[in-house]
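Listed below are the structures to be examined.
Look at the two complexes coming up: chain A is in both, with chain B in one and chain C in the other.
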Partner chain A sequence: MTSTHHTTTPPALVPKAPRGRQSTRPASVSPRRTTRVIILSATALFLGTPIAALVGFTIRGGLDGGLTADHWLGLFSGDLGAAAKPLAAGVQNSLVLALVTVALMLVLLVPTMVLVRLHVPRWEKVIEFVCLLPLTIPAVALVVGLAPVFRVVAQIFGSSSWTLAFAYVILVLPFSYRAIHANLMAVDVPTLTQAARSLGASWFHVLWDVILPNLRRGILAASFISIAAVLGEFTIASLLSRTNLQTSLVLVAKQDPYLSNIVVVLSLVFALILLIVIGRVGNQPRRSRS
Partner chain B sequence: MTALVDTIDSPTSPETGSATVELTDVVKHYGQMQALRGFSLTLAPGELVALLGPSGCGKTTALRSLAGLEPVTSGVMTVAGADVSHLPINKRDMGMVFQSYSLFPHMTAQENVEFGLRMRKVPADQRRERARGMLAEVGLEGLEHRFAHQMSGGQQQRVALARALVTRPRVLLLDEPLSALDAKVRVELRDLIRRIQTDLKITTLFVTHDQEEALAMADRVAVMNNGVIEQIGTPEELYSRPRSAFVADFVGLSNKLPGSIVGGVIRAYRATFDLLGAPLDDGAVIAYVRPEDVEFADNGVPAVVVTSSFLGAHRHTVVRVVEDGVLVTIQHAANDAKSPGDRVGIAFSGRPACATPA
Partner chain C sequence: MLPFGAYVLVFLALPTALAVGSGFADGDGAFSLSAVTGLGDPVILKTFWNSVWLSALTAVLGVLLGAAVCYALLGMQPTGWLRTTVDAVAGVLAQFAGVPLAFAYIAAIGINGLVTVFLRDRFGLDLYATGTWLYEMPGLILPYLAFQVPLMVIVFLPALEGLKPQWAEANAILGGSRATYWWRIGLPVLLPSLTGSLLLLFANAFSAYATAAALISQGSQIVPLQIRGALSSETVLGRENLAGALALGMILVMALVMAGYSALERRASRWRR
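Right, the complex of A and B next:
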């Protein structure tokens, strides 16, 4: 311990990121630059190749290997032919499902987690267990259990496409729980609540003015990740014979493979944007207002 | 009851005056555990009472019960004669400062201080004015737009104090607000709290486990042990006439001398002391004797100096009594230097003392 201390370069001289062989740190925790480049390249290649192929396919002009923007232009000119109908329905259903799922998830999770934190913290482990449980259940198994439930749901709410959100809430629970939980742990909810109460705040004001603003990041992250999960869901919708973005894409692919692949590219871009936003929300530095 | 609700809801009540606060026979159980066992305390209008006691004795529980943060098992609490025992927290009109930093992290200092006024529906311009004034009062002029994470611990507690006081509550409750701060800031802040509290004449309950803090700040100190108040009095009373060995030991320094009770008085090392507090049966006891009640005497009890420390106005010298090896601290004039190993004699002033059966 003492000897390392003597040989360590003064903090000012240690480069922030180790630069290749010049790194003066004897045993750096992070890998060398070359190692990192190799790992990153391999990963990028592995994930990027299919996506590049996908994009390539959407701009291919037939079998001769020429390039064309016709397929993309067709999408924006609104001239989609017979494939358009199921696709539009799928997109619409998925967007509605995303909204309903997020709303249900927030209404279900946020008050529960806050109240448990405040009043029965020893139940937190139970809540966590329940919320993480869906991770361990394969979608197929979930559907087997859900089918009879959905017969009842259909009797109560009819069989509109949005009712699938009841299943999706279960699906997104683990991710949403994690996002909100991380935020909740970083905030001293009991003390803030007591401070607000002693200053004359009603329970409504405690929640609205004090707790929710401090859970903003967790709530946003949970919402975005839920949207991404819902837009990408195929198994449950397919097995319950519902139409959503993914099932309609499968249909469309049979009629117009170009169109279905363009939509896949677009939904990937959308998911990418969501991920960037989640990252931003998590790291956003707060600045003083004046 | 209606009067209280009115003062809370009325938008402009800068002066609500000071109130008597009375807790009578408050009992609080946590399951099997009795945190308060018949806790009674009366605070005169505008008075600062320090609730002093070792960790776990129930200080926080008492304060939180008064604030309404903990439901009590039984007992009555009144403010200015009105029963507040069943009022919800947000209607009790009591300012609180917590031990842990409790500023709302998403609000600036200014917004934090305005919060209580906003809940009382005070118009925005008045709110801004009063919050600014209060922040200036606690010495934070110019830091109105800082967030909690941009302030030191001491500054955060100043904001918390301003936030608690800006609504002019009738009672101020402080739960070890200084214990997370370093020594210098702690002294600065305790002087600030005392000054503002005196200016506003606000009835204040200050919880602390630091006897120096309690003695320095309070009009009266209530020494608490095991869920009840052992003794309440001015700092001078507690120091010179402790009613029990616990108080003598907890407030100020005491030597613990082996002795015995003979006919109702304490005998230890050839000296006799009148017994303070409840009478004890004859038998062996530990006597609690202040360092200033011990002096050097040429033909006193033989002892050897162990250490001697200079404390500015005076000196504390620790000696080991030759006959039984007991360590005794003596407070004496600073110019009377002693060195370790010096052979001395000690004698006792014989002032009344407390004792517990050995």
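Right, the complex of A and C next:
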């Protein structure tokens, strides 16, 4: 798994180098327009129908048919039943978890990756291997060993919901690593550091004022992808009997499916916006650095 | 560097060791092979088999459908709105939509789902003539495809776009057709990528939990659900530490598959230099 980052990197998830190769591809190899349209619409129909049904369900006026916006209006007017309580707690917990996870991830990952690149480049493979390891160890298997670890964590930090972030940092490691790594590769860290050092900057100064601004894209992408991952996380929270957005959705779905489906739609739209922003950030033309 | 190492040790290495280790312990923590030998139980073997065929089936279908989508996207501007949207949608569906996908399929083809009702009222077609399959094993196939196909698009599109335009030019100059190009050049060059993607999709389905858990609230048809059962009652089948043994089994399968994947990826990257 050590040398796979450049191929497994989801295009939407990391900043991209501009590519112009496609325009020169001979037309005979690309699909015909009809083929293209048929394949893409068939897939859109196949993957889109359930999503459309999800949205359709939230505006359905009971089993006799008819459309209504009541369920949505109910959400925005704050006029909700008892089912909304656990959901509100779940949303709140997930937002806190996203914040703590992003903060912890950045503090742990960014200085480590920069320092390794500067001082011990031969360790980069090790860092990569470690960061991609969570892809091989299924969360549902990891949780078996996380249960005893979290019994100790609860003794030290208490059992508030934010402590789950300790596990989430591990889960988001592969995504964040790739995003930051792609950015780091495009920046000449050693030269920047030498220049700053020879002008008299302290190490902290170098990291904070010289390296970090150059890693903005990678840090932004890593943060957004982590937020999307934390908001979508179910496995660990559910098996450790914690409450987050997804576990509360499963709970509420049994009492008030309209409410849970509306929140699911909203969360999907939110995740989609996050990923579109990541794609946009990656596609912006870079300012010349030579 | 040190904080990072310590953190990974405590929250990744330690839990993994504990999970695997507990598979080799009896109820009092002493070394014992009883949990591991418990994996040979016919019920457990059946769940592993269920997991394997579900993962294999959705991986093969995911590779075929996903590769077709990649082909259809070939030649599009990567910065265009269509590609940006496809990338983002694929990212959401493939990685962050476990529970939502279960809800979406219940809304579509559940007992009172939109599609179910439509087919019943318009065509007199009963999706559930043979039982409530959506909440059992066969019901997992469609929701699993909904994250397998997008994952295939994410991992395979870069490989497809890595085909060098010079090869197509050479093919055209030598009088080859579109079919010759794909059959003689494209397919052989892409074969390691395709096989690698197949393994990655298999691993992806094998380790997935959320969709199945949200859809199937009772029963332990696949290994992740069996772990759920083992965790909620420590003595399933009268065996202690079954969850640890199951985790060990899962990690072994995953390690094998991912090792194969990374070997194939190295092979595939030869053409990208």
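Please note the rule applied: the second predicted complex is superposed on the first by the 254 of 290 C-alpha atoms of A that agree within 3 Å, B and C clash if a C-alpha of one lies under 4 Å from a C-alpha of the other, contacts with A are read in each partner's own complex, and residues count from 1 in each chain.
Just so it is clear, contacts are C-beta pairs under 8 Å (C-beta built on N, C-alpha and C of every residue); 3 or more make two chains touch, one makes a residue touch a chain.
As the structure is a prediction and not an experimental result, all values here were calculated from the model.
Of the two partner chains placed by the overlay, neither chain B nor chain C lies in contact with A:69. Looking at the shared chain after the overlay, A:130 reaches chain C, while chain B stays out of its contact range.
Contacts of A:138 after superposition: chain C is touched, whereas chain B is not reached. Residue contacts after overlaying the shared chain place A:188 against chain B, while chain C stays out of touching range. When the shared chain is aligned, chain C comes close enough to touch A:276, but chain B does not. In the superposition on chain A, A:238 contacts chain C only, with no contact to chain B. Taking chain B and chain C in turn and counting the residues of chain A each one touches, the greater count comes from C.
By the touch criterion defined above, A:199 lies against chain B but remains apart from chain C after alignment on the C-alpha atoms of chain A. Once the two complexes are laid over each other on the shared chain, residue contacts for A:109 go to chain C alone; chain B is not touched. Note: no residue of chain A belongs to the chain B contact set and to the chain C contact set alike, using the contact criterion stated above. Of all residues in chain B, only 8, 67, 69, 88-96, 98, 100-102, 104-106, 108, 115-116, 119-120, 145-147, 149-150, 160, 163-164, 167, 173 touch chain A in the complex they form.
Those residues of chain A whose C-beta lies close enough to touch chain C in the complex are 1-4, 6-13, 16, 18-19, 21-31, 35-36, 39-40, 43, 46-47, 49-54, 56-57, 63, 107-109, 111-112, 115-116, 130, 133-149, 166-167, 169-170, 175, 228-229, 231-232, 234-235, 238-239, 246, 249-250, 253, 260-261, 264, 267-268, 271-272, 275-276, 278-280, 283. Residue ranges of chain A in contact with chain B, taken from their complex: 187-188, 191-192, 194-202, 205, 209-210, 213-214, 216, 286, 288-290. Note for the complex: chain C touches chain A at residues 1, 3-4, 7-8, 10-12, 14-22, 65, 68-69, 71-79, 84-85, 87-101, 103-105, 107-109, 112-115, 142-143, 145-146, 149-150, 154-155, 157-159, 161, 163, 165, 168-169, 171-172, 177-178, 181-182, 186, 193, 200, 203, 206-207, 209-210, 213-214, 224, 227-228, 231, 243-244, 246-248, 250-251, 254-255, 258-259, 261-262, 265-266, 268-269, 272.
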